[in-house]
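Letters A, B, C and D mark the chains in the order given here, with residues in each chain numbered from 1 onward.
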Amino acid sequence: MKSTYIKEFTQVELNNPILVEGFPGLGLVGKIAIRYLIKRLGAKRFAYLYSPHFPYFVLVNKKGDVRLLRGTFYFWKNKDGANDLILFTGDSQSQTVEGQYEIADRMLDFAQKHHVKTIVTIGGYRMEAKEKPKVYVAATNRPLLNRTLQAGATVSSSGSPIVGTAGLILGLARFKQIEALCLLGETRGYLPDPMAARSVLEVLKATFSFDVDLTGLNEEIAKAETMMTRLQKIEERRALQAEQTRKEEDKKTTYIS
Amino acid sequence: MKSTYIKEFTQVELNNPILVEGFPGLGLVGKIAIRYLIKRLGAKRFAYLYSPHFPYFVLVNKKGDVRLLRGTFYFWKNKDGANDLILFTGDSQSQTVEGQYEIADRMLDFAQKHHVKTIVTIGGYRMEAKEKPKVYVAATNRPLLNRTLQAGATVSSSGSPIVGTAGLILGLARFKQIEALCLLGETRGYLPDPMAARSVLEVLKATFSFDVDLTGLNEEIAKAETMMTRLQKIEERRALQAEQTRKEEDKKTTYIS
Amino acid sequence: MKSTYIKEFTQVELNNPILVEGFPGLGLVGKIAIRYLIKRLGAKRFAYLYSPHFPYFVLVNKKGDVRLLRGTFYFWKNKDGANDLILFTGDSQSQTVEGQYEIADRMLDFAQKHHVKTIVTIGGYRMEAKEKPKVYVAATNRPLLNRTLQAGATVSSSGSPIVGTAGLILGLARFKQIEALCLLGETRGYLPDPMAARSVLEVLKATFSFDVDLTGLNEEIAKAETMMTRLQKIEERRALQAEQTRKEEDKKTTYIS
Amino acid sequence: MKSTYIKEFTQVELNNPILVEGFPGLGLVGKIAIRYLIKRLGAKRFAYLYSPHFPYFVLVNKKGDVRLLRGTFYFWKNKDGANDLILFTGDSQSQTVEGQYEIADRMLDFAQKHHVKTIVTIGGYRMEAKEKPKVYVAATNRPLLNRTLQAGATVSSSGSPIVGTAGLILGLARFKQIEALCLLGETRGYLPDPMAARSVLEVLKATFSFDVDLTGLNEEIAKAETMMTRLQKIEERRALQAEQTRKEEDKKTTYIS
């Protein structure tokens, strides 16, 4: 394996497919969103992406089997709508600068081969937690952007960077005559954030008018909140102790001087 | 995109063009100088330089559009003078060692294609602030150097390095039979420095006898000075507090011993 | 040398060979195991692996001779059993991400050329010291895995990574229709660990029913234990002193306040 | 420039040439030795080595001219002896792992082209200062090694690494049927060390029976010693002050407790 390549092990005929990408990143927003769609829609895997730019370890599966790090393409036949879906997620982003460009490039070649006209990339946007995470959007064309705004998204502020595959796919898409859209869910980013993933999926659903029940994410969200509350309490206790220590030291100091 | 490449989207016929390069670097001197020329002269963009050695993120434009990091070539038809100009600036330098050489190489190929005989690169030279920043110069041939000296520049001291594209273009230019000149404006370097950019542009104007009004930079310079003064006051206050704290601690220590 | 390559200097005919790999890694488990087999079985070297991805220094041999860092392939004719052995160890793993994939790839090409059907990779698994180190196992097929379980190994837990060549060989093996097995001996990892190597070799022997006397490792194990005990004493003394110092400081503090 | 290449600008016919290499490294031993030979023998430059793996800056020469980082080959016609000399030194070693191998490879190709049978590489060996620095030696063949031992060198201890071009040339030389020798002068390493360079040159002279007056190095050695003495005094004064401070703090502590 000299460079990134995609191995297609099932031949599929897709109807006006949209490719939705979600590599791991901030708050794992993209990966959580894609995995939920796969599970909920019953999407089937049909191709793997391998790269020597992934980290150099393998993962042990259940039953002691082993596999390379990889990305996986899934397809879903949309009986009631205009667009079938190709869903993509993976274990890790590239470890090298050039690998980042190479992987985005190969994904676009693959999209072209499958007559994909529209790609959506999903990621996180670092922001303090709120009741309901906003979804920021950037796109390679205006009509596509407008549809997401009607679906409740906010235009990403000018000059802000979109890092990694989610961004490079948009940057490189125009060379392949593919339109592309990036949806970024607000997230504090250091814990898996299913709430941000839900916000993104709501915009996705409305933009492309396909139906998927998102209530299945609620359980994950509840767990994430419990975890968050627990971490906050630990933090507060630490802050209190630090304050206490500081006061005692102040007392000593005052006494001496 | 396997390597750096340049995409020319407008065909232009240029008259004895000089290429002037200013990637971001110390004090953003090169980028500020080029951007000012583009605006003031009304130069038009005609080619982009893309590279997998740029950092792996994209930028969101106004209106939510997205683009790869890139360099941009602009041209300006000089009706009253001997040389048209090609102006170049970009978002970022290469992130890898090899990419630095590759980008400078492709720029020289592009210059050759457009029959460029002379290239000027612009950058910053780290130095404590002065009333009027000096301009240091290095060049691949002596007559070119002399013209800049007559225009008020100072010869760069022997053994000093010129880092990045601004330097490598000079180093590689002789292999393509192109003469090249580097103008470095004195700058403290950690803030954008339009004053250094103005000094460089004054030398550039005089060296190649073309006319451009530089008063438009004065406003930028005034803003930068306000910013600088404010930062200095904050620094002084911090220094004073540190001194105060030290004295109090000395008192305590004396008391104990 | 533009990329990794293998130089075969002796032509050998091998009977159903199994390739056993042990690059340096955690606790040097793989390297110790392979070196012991080589010595004990009297295996002969027949090929070297060189790579520009190894660290850029050379080693001085006895008598002032010099050599590149390399991997070495040895063969052993197994007169009493079904499988000859190819043993592999080396000085260092690759220093670059892409090099890691390249080296594993070339080793698999070499294995294919020699009609190897099964590869075993050996490494360490970080774990607090125990009486008898366990051996964790992962494999590309189930029957192979089961044979090691019967030989006393434990299935590696799902999701755990296997880093470096030992892992990548398993990940890449399926593309070459070679079955592969990874044996990881428990080790604290920061000192050479012949005890972990012995555990691994016990499983290896039993899995592939070949005979090798492992008592020769006992001396190495005894030495390693002496070393360990000495280090622990030094550590304990340090801890004691630190405690002492802390108490004295507490006394002073109390007195002052 | 996609990879390292050598540009020969003068055609020379050499008689049984020996190539002597000295890139900058520990104590600049190699570079000082080569530069002294060039000056003393009046060797002439005839080829440059360029590489995209060198650091990405250029150097300003006297008179404001600019050049890429490079290595330079010089030749010297030895009228009284059996071997002409090719001398090589440069500005910097490679910045990347692969570049290190590539540069050594190209130098060997160049040597082969010029019918070089023997290469000598020169470097430093980190060691506390002594009256007269020893010279450690490693070589690709035994007779060559023996000649240096008779000339006063010491065999490099087994297992010690030789880092960078000086080492890789020896490692790679055997693939080109060239014999190679490495001479390492003992040096503390953090300052330019002409004394170590002199030791190395003494061994070199005696080994290949050519005549060069080394007294010209004495002035440089005297300067280096003055510098060293001054630095040692500064260090001692610092140590004294630190001791003083410690004592005063001890006094305070005693008083309190």
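The definition used in the following text is that a contact is a pair of C-beta atoms (placed from the backbone, for glycine too) under 8 Å apart; a residue touches a chain by one contact, two chains touch by 3 or more.
This is a predicted model, so every value here is computed, not measured.
The set of chains in contact with chain A as well as chain B is empty. Touching chain B and chain D together: no chain.
Least-squares overlay of CA atoms from chain C onto chain D yields a rotation of 90° to the nearest 5. Two copies of one sequence, chain A and chain C, touch each other mainly through non-matching residues, since under half of the numbers at the interface are common to both. Taking each chain's centre as the mean of its C-alpha atoms, the one that lies farthest from the centre of chain A is D. Between chain A and chain C, the centres computed from C-alpha atoms are 37 Å apart.
A straight line joining the Cα centres of chain B and chain C is 52 Å long. In chain A, the residues that touch at least two other chains are 256. Contact topology of the protein chains: cyclic, one closed ring where each chain has exactly two touching partners.
Pairwise chain contacts in this structure: A-B, A-C, B-D, C-D.
Per the touch definition, chain B reaches chain A in the complex via residues 1-2, 52-53, 55-69, 95-96, 99, 248, 251-252, 255-256. Only residues 94, 97-98, 100-102, 105, 137-142, 145, 155-164, 167-168, 170-172, 175, 180, 182, 253, 256-257 of chain C touch chain A when the two sit together in their complex.
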